[in-house]
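Some structures are shown below for you to check.
Each of the next two complexes has subunit A plus one more chain, namely subunit B in the first and subunit C in the second.
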Partner chain A sequence: MAETISRVATSEAKEFIAFHIGAQTFCIDIMAVREIRGWTPATPLPHAPTFVRGVINLRGAVLPVIDLATRLGLMQSEPTARHAVIVVQSAGQVVGLLVDAVSNILTLTQDAIQPTPEVASEIARTFVKGVVAAGDEMISVLTIQNLLPEPVLDAA
Partner chain B sequence: MDPMAAIKQTFFQECEEQLVELESGLLRMEDGDDDLETVNAVFRAVHSIKGGAGAFGFDELVEFVHVFETTLDLIRSAKLAATPAVTKTLLRASDVLADLVRAAREDGSADAGAVKVIADELSALLGGAPRHGDDDGKVSVEALDFQPVCISLDSIFDIGEPEAPATQDFIVRFKPSAGLYAKANESLRLLRELGSLGEMSVECDISEIPQLTELDPEGAYLCWTIRLTTTASEAEVREVFEFVEWDCELSVETADVGKLLEALQESLEPHEAPEAPVAVAEPKQTSVAIDPAPASFAAPSDEHPAAAKAESAKGEGSGSVQATIRVDLDRVDRLINLVGELVINQAMLSQRVSEAGLSRASSVVIGLDELEQLTRDIQDSVMAIRAQPVKPVFQRMSRTVREVASMTGKAVRLVMDGETTEVDKTVIERLTDPLTHMIRNAVDHGIEKAEDRIAAGKPEEGSLRLSATHRSGRIVIEVADDGAGINRARVRQIAVSKGLIPAEANLTDDEIDNLIFLPGFSTASSVSNISGRGVGMDVVKRAIQALGGRISISSVPGRGSTFSMSLPLTLAVLDGMVVTVGGQTLVIPLTAIIETLQPKKESVHELGTGSRVIATRNTFTPLIDVGAVLLYRDEPIEPTSQVALLVESESGAKCALLVDAIQGQRQVVIKSLETNYGHVHGIAAATILGDGRVALILDVDAIVARPRADMIVAEMPAAAE
Partner chain C sequence: MAEPDLRYISSGGRAVKTYATLLAPVIGIAVGPLLSLGPHLLQGGASFDPLWGAAGASVSLIGAIAAYRVISSRVSRPATSLVATLDRIRNGDLETPVVKSGKSGELSAVFDALENLRATLQSDVRRRADAASAEQRAAAQRRASQDAESRGYVEAHEFFMKSFTEGLERLAAGNLKHRLNDPFSSDYEKIRHCYNVALDKLRGAFADMLGHIDGLTSRTGEIAGAADALAQRTEQQAASLEQTSAALEEITATVHKTSDGAQRAAGVVSEAQADATRSSEIVRNAIEAMGRIETSSRQIGQIIGVIDEIAFQTNLLALNAGVEAARAGEAGRGFAVVASEVRALAQRSAEAAREIKSLISTSSSQVEDGVALVAQTGKSLGRIVDQVVEANKVVVEIANGAREQATGLAEVNTAVAQMDQFTQQNAAMVEETTAASHGLKSDIERLATSVAAFDLGERGEAAAFAPKRQKPLSTNKAPPQPRRVTTRGGALPKEQPAQVEEGWEEF
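After this line comes the complex of A and B, so read on.
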């Protein structure tokens, strides 16, 4: 028993926020999440990549919103007030991630995360850090670092 | 940032302030104000810089400041008259000092030649006045009119030393004030340093320590009496306390009166010193303790009343200075952001309430009106925090005038007006360069040579007037010279020869004057190294426009020219025209808009494929459909159904922007897009409107300067990956 406790402590259990996009479930490290809010219409930005929905007002700050479905190459649906925007901080920038719905908070140890299975999808290899089995479901652990890459912005 | 660097930065910030104080004091002295208080203020500024510089080990700086300080001290003690020649040298010395401070900050080095020239000039001013290193200056500083006694004793020591015993006993009484500790000085360190000079015994007087209940934790209650046997001179003993002398009561006395008398006797015999009676009468009193507060002033009985008065004047002076705090700019900006948010929220709330159809007399509406009033007051007060007087920038200009005047051999006097006018700090920072350029131009080209001025019946000394005023929510800065004015025939001729205007162009005087703002225009027939650097007034104009300002010139031949700049008071808010384009709301900066037009079918002409121009008063201006440029719509729509805004970019290019409708004119809070996203071509920034939505602020320059080829690129789908 004592052994189990120490094992959990050394392998650093982390909390993750799980959310749905279409039929798939993803999760991101809770430490990067600043808040979760409902979708409000965004002001589109000219010359922006298609996955940038536009900018919204987050208590006085101008917040770009990324449509995670488009970013991950999934089916895009027209957002409604039921959609959620997860506000995350990444490398000094704060961005909003548009998702279908937030479902759960997971506590995972590093051991529970399996390496991403070898699949053909380049997007999966770029953004999925690993996968977690939760019952019958598979949850992909996303890395948020590359979601708003500078080179794309410069090219746009 | 490591703590040392932070402290250093504070030191340099203070240096800047002290330099401004110094220069304004010197300028007052130049105007004939030789009031002791002015001289004292100048002295204090130099002294503070010296203190900090010493602490950070800027030796070059300390060396120069020391000479400077000594010279000022002579003026302070009325041994040197502040003649115009002297103040001129002092002003130049303050310029050199500013250079040295800058050099120290940037780890660079100042022009050693210039430093030496001024240092030599200062030394020359010191002339025959006695200088025994540090001590003389210091002692007379403290004793003011009392120094005949000090000097006599010092010189006795100096002369007497070879014969006198190698060691001397001093009794040092040191009573720090609370200020000493507040400036992070430490008595123990001072005592230790004193101990390093020789053998010492210390007695601590704890009689003044109050009951614990009355004890001020930041107060100073201890007083030390140190008996020091040392080979060091009195000056060296005093040097230990050099940086705390303003914050303590300090007396250094020679302990052994017998020994002293012996020394006196010995020195008296060969020298027949006339001071002897005084010295004997006051054998121990070599200095008086001076505390900044006159109340605790331990004045000796024979203290000259004038000196006491001067001291109390100084005390009052420092008392009347308003208390200020140093706040990180980021914090202020955060506060401004929050207030901006409050304003937006309040506007949203008002909108909701009016949508709810409540009666104007309902308590909610009344309460909301009050809230609106309050919000506006808060916003104004917060903006006022960032507002700074233009004085530091203006003061810098007086140096520019001096330098350019001496380079061109002209006599020019700078008159400043309205230096206390306040404007946003960012505006001030970005005002320096264009203003310097204009001042250089005015002295170099505007004001004539002395002989020409005399021939024209004007005073030999040219006059340059720099003024700032608030006018309808903007700051207006004027640079006016009393020179020859713009030579319109020549300006026109140059413009024609450079191909800027056609030879037969029919221009009004005003239009000719404004030709000097065209890129590549320079009136100087010989390129001087002062203003003819290939950059002209067009650079000034661009810098002013980048600040959201406008510049104009008026000139009267033979009477001079006046440049007038009108700038926004802040860069945090902007006056904008709110327009609708392709269903989106956009804000166009009002400063860029010249006029609005309703395009008529007959005035719109096709030019090539897809490009159109609009005819306004016989000139053709390119038409740009903002909706198409920003990809809000794919198909251009008929211009006649739209509104055209005639805009002028910073480079002077004119263009007509087509928008769908004008919503109104509004002051908006500028929000950065770069913080969380990045730069967007054609968009300068964003703002938040009353409905809580983000609206983009158009970058008129980028839209106008947009190369034609760019438009085709923009029509391609943006790369997603």
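After this line comes the complex of A and C, so read on.
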């Protein structure tokens, strides 16, 4: 941690929240995160897209929760109390992202984030801003704006 | 014979008596044979009557005497002649005719009378002599015939005595073949016949006896051999019974041991049953203890869950604090460090909680396994208890069976003892039988010897029997000693095989 802090001190460092979905690790810019909380059962919305889990009560405000695994085209997860919901704010929209677990707060310089390979599809490149090689695992840096669906954006 | 003198004339009565006396022998001679032959003559039916003859003679004599008295009383001279004549007549001279010595009529008459008398006497005497001679001839003939008859009798008697004595002597000497073949006189013929018949019957009887003795010898030999074999076998039986008894005693001891062992086994099995019952109690306690451990583990798990929850929430709080610190920018740097430290602690707590949880989970599953194993142990123990109970039953049955066997064996022992007793009695009886049979054998041999003293002659049986009699005599000089049968544990007497070798093996 001290090393990270020192690295941040020497270059244009940014902090990211790293989390797991399935066996993969992703991260998002910490500045978009409002808070992190445990999973509470969501009230499903009729005719909502499949990746929208429903809505939860966040201190009196209705918070839509997006199943990030479904949104990323991965296996739909069965949420438990140990799952976490990362509340993010993007373009004035506050949305909860259901993830398996929040693992770490990363401090990354801009050059550590490598661009998404060209071989990936357009949709993948829409979601994944870049990839960070950290140790023996690869961490995909997600673009939050693209994670939020259009209807939600429209609705917002 | 007294001289006839006058004394006799003077005393006429005496003379009469004298003449009567003188004539008496004549008359006796004449009359004696007559009288003696009387019955024969009477039986023969002869016409001569002696009584009448005697009476006639007596009357004639009396007449003569009377004449003589007259003459003697009246004549003296011729008397002498007369006397001489009379004397002559008295002397039996009746042949000489009476010569008249006197011419007197009376004397002449006397002499005539005398002559008549003489003639009469002569004729009478002749007749008598004839008769006597005839009588004598007849008597001689009779005597001769009687003598011949007597001789015949005597000879026959002597022959009979000689032959019969000889026969009896030979019989006494044991010769039964000597028959009296020479015929005896008719009087003794019957005796000879009877003797011969008796001899034949005796010979037949002796021959039969010899035959029977032979049969008896062989049969008594068989009986003696059989008795010997029986004695031997009885002894063997006694020995076998002894062995049986010994074996039975061993079996009885074994059965008693079995019974004792079965009872001990029953006791051991009962203890094992009690132990198994106690063990099942222990197993139940162990299961309960396991259950309590499980409960505790569950409670620990719950607590660990709470700790894990706290760690999770702490981690979230630390993350949120980190987010807030990042938002705060430079001002939040220190706070970010603290939040990071808190998050690390929370993660370690979660880690520890997870480890404890897995340990508890492992322990819990192991406790479950232990419970299952203990339950299985309990079931096994229950089965063991059941089996031990079953084994106890079996062992008790074995013990009962052994006891019954012991009782049965005791009865068998009693029976064997009785059999032994009976065998001893049998052996005693067999001994007696043996002794009796041998005594019988020797008696029969003595009888054979006694009978052998009699010569049965050409009938053949005796000759046939003679060599046969020798054999039993030689083999059975001494009757076998009565054997004492040993009662217990005794060896068989050793003289038995020698007896058996005498040819009674086939019995």
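To be clear about the criterion, the second predicted complex is superposed on the first by the 134 of 156 C-alpha atoms of A that agree within 3 Å, B and C clash if a C-alpha of one lies under 4 Å from a C-alpha of the other, contacts with A are read in each partner's own complex, and residues count from 1 in each chain.
Everything that follows uses one rule, which is that a contact is a pair of C-beta atoms (placed from the backbone, for glycine too) under 8 Å apart; a residue touches a chain by one contact, two chains touch by 3 or more.
Remember, it's a predicted structure, so these values are computed and weren't measured experimentally.
Engineer: Scan A:M75 for contacts with subunit B and subunit C and give back first, second, both or neither.
Structural biologist: A:M75: touches no partner chain.
Engineer: State whether A:E15 touches subunit B only (first), subunit C only (second), both chains, or neither.
Structural biologist: second
Engineer: So, A:A23: does it touch subunit B (first), subunit C (second), both, or neither?
Structural biologist: Neither: A:A23 stays clear of subunit B and subunit C.
Engineer: For A:A61, is the partner it touches subunit B (first), subunit C (second), both, or none of the two (neither)?
Structural biologist: first
Engineer: Per the contact definition in the header, classify A:I36: touching subunit B only (first), subunit C only (second), both, or neither.
Structural biologist: Touch status of A:I36: second partner only.
Engineer: So, does A:V102 touch the first partner subunit B, the second partner subunit C, both, or neither?
Structural biologist: The second partner, subunit C, only.
Engineer: Quick one: is A:A48 in contact with subunit B, with subunit C, with both, or with neither? Answer first, second, both or neither.
Structural biologist: First partner only.
Engineer: Please work out whether A:A91 is in contact with subunit B alone, subunit C alone, both, or neither, and reply first, second, both or neither.
Structural biologist: Neither partner.
Engineer: Mind telling me which of the two, subunit B or subunit C, contacts the most residues of subunit A?
Structural biologist: Answer, by number of touched residues of subunit A: B.
Engineer: Give me the intersection of subunit A's contacts with subunit B and its contacts with subunit C, in residue numbers.
Structural biologist: none
Engineer: What residues on subunit A touch subunit C, complex-wise?
Structural biologist: It comes out as residues 1, 5, 15, 17, 30-31, 33-38, 81-82, 84, 102, 105.
Engineer: Quick check on the complex: what are the subunit C residues that touch subunit A?
Structural biologist: Residues in contact with subunit A: 309, 312-313, 315-316, 319-320, 322-323, 326-327, 333, 336-337, 340, 343.
Engineer: Any idea which subunit A residues touch subunit B in the complex?
Structural biologist: Residues 40-52, 54-57, 59-64, 70, 93-95, 148, 150, 152-156 of subunit A touch subunit B in their complex.
Engineer: Subunit A touches which residues of subunit B in the complex?
Structural biologist: Residue list for subunit B touching subunit A: 337-338, 340-341, 344, 584-585, 629-632, 671-673, 675-683, 686, 688, 692-696, 714, 717-721.
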